[in-house]
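Same chain, two partners: subunit A is paired with subunit B first, then with subunit C.
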Partner chain A sequence: MLSVIRTIWNVFLHSFRRRVTIQYPDEKPYLTPRTRGRIILSRDPDGGERCVACHLCSAVCPVDCIALQATEDENGRRYPEFFRINFSRCIFCGLCEDACPTYAIQLTPDFEMSEHNRQNLVYEKQDLLISGPGKYTGYNFWRVSGVQIEGKDKGEAENEAPPTDVYRLTP
Partner chain B sequence: MISHPIASIIGILIVALSLSAFLIWVERRLLALWQDRYGPNRVGPFGLLQVLADMIKIFTKEDWIPPFADKPVFVIAPAIIMVTVLMSFAVLPVAPGIIVSDLNIGLLFFLGMSSLGVYSIVLAGWASGNKYSLLGGLRAAAQMISYEVFMGLSLMGVVLLAGTFNLTRIVEAQRGLWYVVPQFLGFVLFLIAGVAEARRLPFDLPEAEAELVAGFHSEYSGMKFGMFFVGEYLGITLISSMIAVLFLGGWNGPWLPPLAWFLIKVFAFLCFFILLRASLPRLRFDQLMSLGWKVMFPLALANLLVTGAIVLAKK
Partner chain C sequence: MGTIYIDGKPYEADPQNNLLHVCLSLGFDLPYFCWHPALNSVGACRQCAIKQFKGEQDKKGKLVMACMTPASPDTRISLLDPDAVAFRAGIIEGMMLSHPHDCPVCDEGGECHLQDMTVMTGHDYRRAEFQKRTFRNQDLGPFLNHEMNRCIQCYRCVRFYRQYAGGKDLNAFSINNTVYFGRNEDGVLENEFAGNLVEVCPTGVFTDRTLKQHYTRKWDLRMAPSVCGHCGVGCNVTLGERYSLLRRVVNRFNSEVNGYFLCDRGRFAYEFVNSPNRIRTPQLDGEAISGEAAEWEFQNLTSSRDRLIGIGSPRASLEANFALRQLVGADRFFAGVESKEWTLITTMIDILKRGPARSPALNEIEHSDAVLILGEDVTNSAPRMALSLRQSVRQQPMEIAKKLQVPLWMDDAVREVVQDQRGPFFISAPFATRLDDIAAITYRAAPDDAARLGFAVAHEIDANAPPVPGLHEKMRAMARVIADALKKAKRPLVVSGPSCRSLAVVESAANVAKALCGFSQPAMLGLLTPECNSFGLALLGAHALDEAVALTGKDATVIVLENDLYRRLPLEKADALLGSAARVIVLEHLSNTTSARASLLLPAATIAESDGTLVSNEGRAQRYFSVFPHQAEVRESWRWLRKPQWSSLDDVLSDLAKEVPQLAAVVNAAPSSKFRVDGAKVPREPHRASGRTAMTANLTVVEPKPPVDPDSALSYTMEGAPLQPPGALQPFFWSPGWNSIQSVNKFQSEIGASLRTGDPGVRLIKPSGKGEYFTQIPSHFVRREREWLVIPIEHIFGTEELSQHAPAIATLAFKPYLALNASDAGSLGLANEGEELEIELGGAKHRLPAKILPDLPAGVAGIPNGLDFAFGEVFPTWRRIERVS
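On to the complex of A and B.
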């Protein structure tokens, strides 16, 4: 009997507590920078496109929502001819970001992507590509991997595997 | 002061119905307050128009009668609860002169009407042709039988002290001292019985949405469901008003006008009912029955005996 009265009293005391609701459209919740939301394609600090069209992100994607086509520019540098993410299928798992060797593909804290028309959720490369480096500033894939420097040829540094012979099929 | 009975009827009807609609909003806001949320606050100022939006929705919903239901009984059941509860409001003395019918046996009329209200629940449960509804109806019947008894008994102390069944005169007899002081046990017992009578948590076993889908009104939709809903809130308003009239001196109170005192007391008990819902879990059915028969019933009898002895000794 006493415990019942104490329960009622304790619940009544909640009238003076702060309310925990965040009134969303008026009041935005704080989202950490690593929140997994809308996906972007970033550029390296020199302004070049980071993506090398390696297809790792589209291969790892559990719902197969990334589609891209690789092509090469006049210097033999690979880049995606088109890059398409279907956000109506994306589950924002972040595996693509983990798989990407160049930090090109990144998830951002923006989640407000509602559309009336489902077709508008298919983002093309011009919708995805931003002009900055995103979360990883100062990283340029081509400066640190697979480059030849004075006194060291490709694949000769410590812990570095020799370059793949693209003309052989064995792994 | 309004004294014409027709004016009182219309006034009390409108106030009771709009108050019970408004109560839906109050309940949701208060529950939210006690659960550290906001509740409906989007439609209109403070979300007040939420009730209107819900009304429009419930009016435009399909009113479906299941093919396996007993149609006439199914249709009539929700009307019974509205009628019986609204009839009880007729004997309720709101303020001096504001009463529809100043019956000599007002208290008995109220008890009778609230017992008749159970038929609504039992018939609804029976006519739905659904096992969950039937279980809800059965529980309602058993609960009402066991709670009606000590509900009446707990009120007899008040009747002994006031020497009348007339509610207006009971209120007037409390001018000096509210009956909550000499009849504290009766007050507590009537409060508990009232919660059971209004089928509110922790005694909402006929509804028990965690076990019985929605209990007796599982099969109801649209306007008929709306009637059960409003009937429930009308019932709470009625019980709160009765507590105010019988134990807290009705319209008696210093400084403020009588009507204001009455409304303040009623509102306080309405909030208490909602607080009960926010804090207590539902009883198991056997606990409910044994609480009723083994604890409340003897206590009510003892209260009646002691009060009777004191009244006799004073004579």
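On to the complex of A and C.
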């Protein structure tokens, strides 16, 4: 009898506590920028596509939901001819972001991807590519890589000496 | 064998080998760069450092290079010693000082020996803050991409290119930390084996440029064991596919056949499979129809058995040829090769069957110690064999190294001993060949004279061999020199083939081999074949193509299997054969003149999309497996032609074994489709293959059922047993920690020796008797006034039919020419090379630019084999040549 009264009393007290339930979707919760939600493909500070089609994200993906094909443009830059994610399979593990050597793939706090038709969860590159550098503002892979591209000759990358003269015979 | 101690544990080791060889053979992971199983040790990279101890009491030990230290009995070494581990990590760190930050965009990434070794030594953080040295790259032609920044200066490229393959135009330049590997100027690498640099280079300096056009990582490739179909040697290759596009070819180790290397034709010809000329839908009188309709139509057309004429093909599988033979009956099954070439092929088979000489595998060719080549430019007609022949000249001089007790794996020391000495190597061919630089004697002669030299050599070895009437004293002396050298050899080899289109040349080679066998040593007789399954077709048995022309008629249906008859017969004969038939059914991969004449055209699967068996010029039957399922309307030729009771390749093979007893052994060329490893099929995809749920998601998000392979023990997916399958089913080489092709070390019974589960292939031809001497000796070649004996000249790029559809190869294909020697050109009043000459070929007059081949005998002219208007000409042939004024 006593315990019943205590329970009723407790319930009564709780009605004066601060509410923790968020009225989603009317009210949006705060999600940190590092939340592992939908991925995007970012661009480097110069506006070029960051993805260099190295295939590391697709290799690391535990549900094999990333497929892409590498190709090269006339400037010598490698990029994905197509880049496809099947979000109906994605488990938001974030391993692709970890594997990405160019900061191209970034996970965003967006997770609201409900669809009536599963086919609409297949995202192509144009659906993924954003116009900015995302969380990592300064990095440009091509400035570090030794590969020659239009506008960056051999020896012009970071920490590179000018090309050697092969005909030089002095040590 | 002796006992050595590795980290305190005893192991059996052959003291003839070095410690790196032994450690790798025993399965230890020891990093290395400059060492290569085929190139041996030079001790340049210092990466394989280990600790060696003087005895059980010695705790201090000293660092030694495993590759430079013999595995003498009671050697005590440690791989895990902290000093050795730190030393190896230091070496890698040094190498990585200037290695660019390229891996994500490097084609080698994921199968890079440098990556593997870096991970193995544990170097994972760059401490250096210096600038990286950089290099400019070179354009090395359509096959190879050059990215010198990545170089770690292991020297393997130049050691392979110059010392192993005999190339001249790749070298090390500059000094100190700026050593550069390249040509003296941009340009196509001249050597026919340059493509191997892709695999020889431990990192991404030399990468496959054709793969770059449709790049895919190794881990994403679906791979299958296959056999190269672009010449008769039958090299083992691994094909790689992704998104239904054939992506690349890499070498598949077979210790008896191609070992570690391929030729450039074999490596880069694969792109014909992706050609826009592919026939992908069946056509009835030019109208596309469905596969089912085509099958029904085919049944309809072929149900009246007595009027069928079947034309097989030396480039189609045994199974496809057999299926056609069963359909039309042995009497009306024709070889698809004109009678002269067919006589040559059947004679060669006969020679090998009757003995006594054995046809050698490439490995045996490499170890032969005296070679006579009669009438062949091997580098152009069977390129990979030329690479093996090039090694053979080192065999005799290496005996000196053995006497001096220099271990044969100590490459630099052996080369120091050998210097420029070469074993006996003799070439008789009508023109300069790419092996002339290693030959002791080169004899330029018309086919008849080459044959006379062969007969003379045979007579010098064995007096019972028929003598050559009217032999010139100079030629007799030459024959004597050659005969003496061959007699002294322990493993003499005679090589010949059909390139000269001369029966006498082949017969003379057979005589030399027989004479040698009678003398003492078991001689080997290597006979080249023009196509990948010439011997298979000959063993199956067929009539020459010319005979089919007589049989055709208004009531005949001609079925042509993977063959362009306009390449085989003169125009009018081919027209007669196809034109007068009521119906022409053609099974083909690529559109050509014959397929254009088909009333029913059936798309046939290529070597990459079908399973089958090829018989190489060694007489080795080898199975190839499809790397991806063929598209809807494309089918394997044998499936189009099949009997109702055949449901899988096994059924065809068991019938083949029953019907043709001499081919019974082909069943054993690879395990049947019922074979399982640990209860599962062998996976074609590596366990890292990616994108399964996204690859086709653009079409439909519902993942399709994986394709089923009823014909082989391989599965199209990654599901399967992760165990080493039998050699014939090995889809790729990959081992934990060893992602590059060098992981083959882990699959061999011993480094460089056969695969642990056996090398693929079964030999079908065994010499059964003593053979007999051929006595038809041609008379001396006499030139004619104003007429030239026109011979075909083989070209590695351009002669073979399918490889021309590969864009990279097409860019290097020969330009048409008519070759004459300088004095003949002078007699025609030619002032310059390139001036036009007129010659009648294929029934019409053609103009060809002149090319001066100084070595061509007077009275002989050469045209490249593969000229489209010269198809159907039966060479050699006498022709008038005039200068266009």
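Everything below uses one rule, namely that the second predicted complex is superposed on the first by the 133 of 171 C-alpha atoms of A that agree within 3 Å, B and C clash if a C-alpha of one lies under 4 Å from a C-alpha of the other, contacts with A are read in each partner's own complex, and residues count from 1 in each chain.
Throughout what follows, contacts are C-beta pairs under 8 Å (C-beta built on N, C-alpha and C of every residue); 3 or more make two chains touch, one makes a residue touch a chain.
Keep in mind the model is a prediction, meaning the values are calculated, not measured.
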Check whether A:I91 is in contact with subunit B, with subunit C, with both or with neither, and answer first, second, both or neither.
neither
A:L169 contacts which: subunit B (first), subunit C (second), both, neither?
second
With the two complexes superposed on chain A, say which partner A:Q148 touches: subunit B (first), subunit C (second), both, or neither.
second
Once the structures are superposed on A, label A:F12 by its partner contacts, choosing first (subunit B), second (subunit C), both or neither.
first
Which of the two, subunit B or subunit C, is in touch with more residues of subunit A?
C
Check whether A:V4 is in contact with subunit B, with subunit C, with both or with neither, and answer first, second, both or neither.
first
For A:T21 in the superposed arrangement: first (subunit B), second (subunit C), both or neither?
first
Give one of first, second, both or neither to describe whether A:I130 is in contact with subunit B, with subunit C, with both, or with none.
neither
Following superposition on chain A, which residues of subunit A contact subunit B and also contact subunit C?
none
Touching residues on subunit C, where the partner in the complex is subunit A:
100-105, 109-110, 129-137, 147, 149-150, 173-176, 178, 180, 182, 212, 214-217, 219-220, 243, 688, 690-695, 697-698, 700-702
Interface residues, subunit A side, partner subunit B - complex:
4, 7-8, 10-12, 14-15, 17-21, 23
Inside the complex, what are the residues of subunit B that reach subunit A?
32-38, 275-276, 278-280
Note: in the complex, subunit A contacts subunit C through residues 52-56, 58-59, 61, 63-72, 78, 82, 84-86, 88-89, 101-102, 118-119, 121-122, 124, 141, 144-148, 154-155, 157, 159-169, 171
